[in-house]
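What follows is a pair of complexes built around subunit A, which joins subunit B in one and subunit C in the other.
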Partner chain A sequence: MATIAIHGLCKSYGKTEVLRDIDLTFEEGRIYGLLGRNGVGKSTLLNLITRRIFPDRGEIAVDGVPVGGPGDPLRKIYCMSEAALYPENMRVAELYRWTADFYPHFDRARADRLTAAFGLDPKKRIKSLSTGYASIVKLIVTLSSGAEVLIFDEPVLGLDAGHRSLFYKEVLSLYGEKGCTVVLSTHIIEEISDLLESVIILEDCRVLASESVDGLLERYHCVSGAEGEVMGYLSGREVVHTERMGPYLSATVAGPADRQQADRLNLTLMRPKLQDLFIHLTQGKGGTL
Partner chain B sequence: MHLDFGSDLPIYQQITRSIEDDIVLGVLPEEGQIPSTTEISVGYKVNPATVAKGYNLLVEQGILYKRRGVGMFVKEGAREILLAKRREDFYGTYVSALLKEAEKLQISVDDVIALLQRAKADRG
Partner chain C sequence: MKHTLTVMRYNLSDSLRPTAIFFSIYTAFVLLNALLSYLIPGGNTVGSDLAILIFLFVCGVVGFRYNFFFAMANNISRRDFFLGTALSGLLPSIGSAAVMIVINRLISLFYPMPTLYTLCFERERLVFGPDGIAIVAQSAGKEALTLLMSFLFLAVLGFSIYLVGFFISALFYRMNKLLRMTLWIIPWLLVVLLSLLWPTLPQSFTGSVIRFFAAILGITSHSAWPAMGTAMVLALLLTFCGWLLTRRAVLKK
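What follows is the complex of A and B.
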C-alpha cells in the first residue's frame, strides 16, 4: 500500500498564489475527501502529486520516494482528472488495452464488468462520449487500474443519480477487497460524507483541516430554538454560523455541546453535517460570512 | 436493517441499534451469521470502518463474535443480554420521556396513570 507525504508545497501561477506551505499526508488504506471552494487549488494539488505540473517549492514522496525521482513511484498512483487526456479517436476497449501497457495490474475483467454495469458501449470512440460517459470511462479505468492509490478529481460530473450511486458502491466494493488508498475530490459533499474516513479542506492557499470526518464533526455542534434563548446559549462561545428564520435562530458553534443548558433553554442540539460545516468554514473568492 | 441518513444519531450507533432490534425480534437468530462489513458498507454506501466500529462495540458487549475467515455471528445468549438491557433502560427511555411530554402538555402524573389504566382495559 502507498503513503503520500507532502511537505512545504508551494505553487503560484504568475502573481497568483494558489498553494502556500502545504503539509499533508495521505495514509495508506483510507478513503479521503479533498474539499475546497471553486478555484481554491484542489486540481492544482492533485496535478502536483501526479507530476503533471511542477511545484515552486516543496517535496512530494510516495512511500518515501520523491516523485519525479528514480524508482517511478508514480506507478503506484492512478488519477482521473477533469481534463480530457485520453486519445480522442481511441475506442473504449482499446483504451483498456493501452492502459494495461502502463499499469501491469490492470484488471480487465473488472473493467469489462463495470462497462456493462454502467451501460457503456466499449466500441465507442472517446470523442463521441457524452459528458457523463466521458466521466464514466475515466472512473472505470481508475477503478480497474490496479494502482494502490486511486485519485478521483470530480468523478461524478454529468453522472445521473443511478450512476453516482453505482460509482460509490464500486469504490467501496474495491476498497473492501483491496484496501487501496482513495482520494475523492468533489463538490458533491453530502453524498459522500458517510463514505469518507478522513477529510482535507483547502482554503485560502492553505490546509484548513486534515483529520477524520468524525473528529472534525465532533469539534462543532448545532443549536436551534427561540432567538432570545439561543443568543443566551451563544454568549461566550465561538460561533461559526447563524441562520435566522422568523422568531427562530439556529447556529453552528465550536466546542462540545452543553446538554443541560440546552435543555433548560428549550433548545434543540444536533450534530453538524459535513457539507454545511464546510460551507460555513470556507468562504471562497468574493464570499461573505 | 434500516439506516436513516437524516437522523442525528451517528451511523455506527444506528447500525448497532438495528442489529440489536433484529436480534430481539428473532430476525437474526443466535449462532446465525450477520452480513459482512463490506456488504453493509456497499449496501448503505458508508465507510467500512464505520460498520466495523458498530460491530466491534457489539463484540465487546458480548452480542456478536467473530469466526476467523468466516464472518460475524450472533453470540448465544445475546437475546437475553439485550432484553435485560432494554428492561433496565425502559424507565429512562420511555417512562421519563412520557412524563416529560405530559408535563409539556400540562397533563398531570395522575392523569397519565388514568390513561395507562384505560389502555390496560382497552387491551382486555
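What follows is the complex of A and C.
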C-alpha cells in the first residue's frame, strides 16, 4: 500500500493564495476525510497530488518517489474528480474497458457487480447520464480501479440516500478486503464521520487539523446546561462556540472536560459531533448568521 | 512506453468512426461527380485527395483537449499523452493515403482523376481541355512510380498537417481568450501587411524570397522530396513546440 507525503506545498491562482506551506502525510491503509469550506483548496490539493495542476513550490512523493519524476508513482493512485473528465460520447462499458487498459489491476467483475447494484445501464453514453449517475460511473471506476490509493472528490454529488449508503458500504467493504488508502473530500460530513479514521481540515490556506478523528474529538468537549452554570464552567477555558437556547447555553470547549466540575454545576458533558466541530472551527471564514 | 501505446490505441479507436464517415462521404462524392461528368462532360476531380489533408488537420485539431482530460483522469503522464497522441496521427495518415490511392485508381478506370501529387509535380503529364480543366493524366510509362510518390506525398503531408493541427490545438488550450483572439487576428494582419508592403520591397529581396520558397516547396526542382522534407521539418518544429506547451499544460475545467 502507498503513502503520500507532502512537504512545503504552495499554490496560488494569480494573486489569490490557496495553499501555503502544506505539510501532510496520507498514511497507507487509512480512511481520510479531507474537509474544508468552499474554495478552501481541497480540490486544488487533490489535483496537485495527481499532478493535474502544478504547485508553485513544494514536493509530493508517493512511497518516497516524487510525483512527476521517473517511476510513475501516480499508477498507485486513482482520483475521482468532481469535474467531468471522461469522453462524453463514450459508453459506460467502453470506459471500463479503457480504464482496465490504463489500470491493469482494474476489477471488471466488481465494476459489473456495482453497475448492476446501482442500476446503471452500461450501454449508455456518458453524456446521456444524469448528474447522479455521472457521479456513480466515476465512483464505480474508482472503486474498481485496483489502485492502492483511492481519492474521491465530492463523491456523492447528486446521489440519492440509497445510492450514498451503497457507496459507503462499498468503500468499507473494499477497505476491509484490500486495506487501501481512501481519501474522501466532501461537505456531507455527518454521513461519512463513522467511516473516517483520520481527518484533515483545511482552513485559510493551511492545515488546521490533521489527526485521527478520535484524537481530534477528544481535544474538545461540549457542555450544556443553565446559562449561569455554563458561564461559570467556561471561565478560563478556550471556548470554540456557544449557542443559546432560551435559558440554556450549550458550548463547545477546547481541552479535556472537567467531569467533577460539570457534575457539581449540574451540566451535561458530551463528545462533539465531527460536523459540528468542523463548523465551529471554520466558521470564522464566513457563512454564519 | 506501455501507456504511450495505450493512448495511441485509444486515439485510433476514437478516430475510426469519423474516418469511416469521411471515406463514405468522399467515395460518394467522387462517384457522384464521376456520374455527373459522364452525363455532363467537362467535370473532373483533380486533386480531390486534398480532402484527406483537411480531414487529418481536423483530427489533429480535436486531438488535444478531450484526450488530455481523459489522460488526466487516468493519471497518464504528459509525456505518454503527448507521444501517444502525436504518433497516433501516423497510422491514419499512412492508411488514409493508401485508401485514397486505391479509390483514385478504381475511379480512374472510368473517369480521369489525377492525384494532388500529379497536379503539383507532374503537370506535364496532364492533358487539359479547352476550358482549362485537366481531363486526363497521360501515361508516360511511370504509372507505378507516380502512384508510389502520390502515396508518399499524401502520407507525409497528411502526418505533417495532423501534427500542425495538434500543435494549434495545444496552443489554443494553453492560451486565454485574449491571446486566442490575437492569434486569430495575426495571420490576417500579416496577409494584409505583406500585400501592402510587397510591391514596395526591393525586387532583389522579393525575388530571393520567392526563389527560396520555390526551392523548399519543390517548385524549382519539380520534385516532391523538398516539399515533403519541408513539411516534415515544419511539423517536427511545431511538434517540439507542442511538447513545450503540453509538458506544463494543466487541467482546465
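Here, the second predicted complex is superposed on the first by the 283 of 289 C-alpha atoms of A that agree within 3 Å, B and C clash if a C-alpha of one lies under 4 Å from a C-alpha of the other, contacts with A are read in each partner's own complex, and residues count from 1 in each chain.
Here, a residue touches a chain if its C-beta (ideal position, glycine included) is under 8 Å from a C-beta of that chain, and two chains touch if they have at least 3 such contacts.
Treat the numbers as computed from the prediction; the structure is a model and nothing was measured.
The superposition on subunit A brings subunit B alongside subunit C with room for both. After overlaying the two complexes on the shared chain, residue contacts for A:Trp98 are found with subunit C alone; subunit B is out of touch. Looking at the shared chain after the overlay, A:Asp72 reaches subunit C, while subunit B stays out of its contact range. Of the two partner chains, subunit B is the only one touched by A:Gly176; subunit C is not.
Touched residues of subunit A were counted for both subunit B and subunit C, and C has more of them. After overlaying the two complexes on the shared chain, residue contacts for A:Phe54 are found with subunit C alone; subunit B is out of touch. Of the two partner chains, neither subunit B nor subunit C is touched by A:Ala116. Between the C-alpha centres of subunit B and subunit C, as seen from that of subunit A in the superposed arrangement, lies an angle of 150 degrees, given as a multiple of 10. In the composite built from the two structures, the nearest CA pair linking subunit B and subunit C is 28 Å apart. Common to the subunit B and subunit C interfaces on subunit A is no residue. On the side of subunit B, the complex with subunit A involves touching residues 5, 8, 10-11, 37-38, 41-42, 44-50. Of all residues in subunit A, those touching subunit C in their complex are 47, 50-54, 72, 74-75, 77-79, 81, 83-88, 98-99, 101-103. Taken in their complex, subunit A has these residues touching subunit B: 31, 165, 168-169, 172-173, 175-177, 194-197, 214, 270-271.
Partner subunit A is touched in their complex by these residues of subunit C: 3, 6, 9-10, 14, 66, 69-70, 72-77, 248, 250-251, 253.
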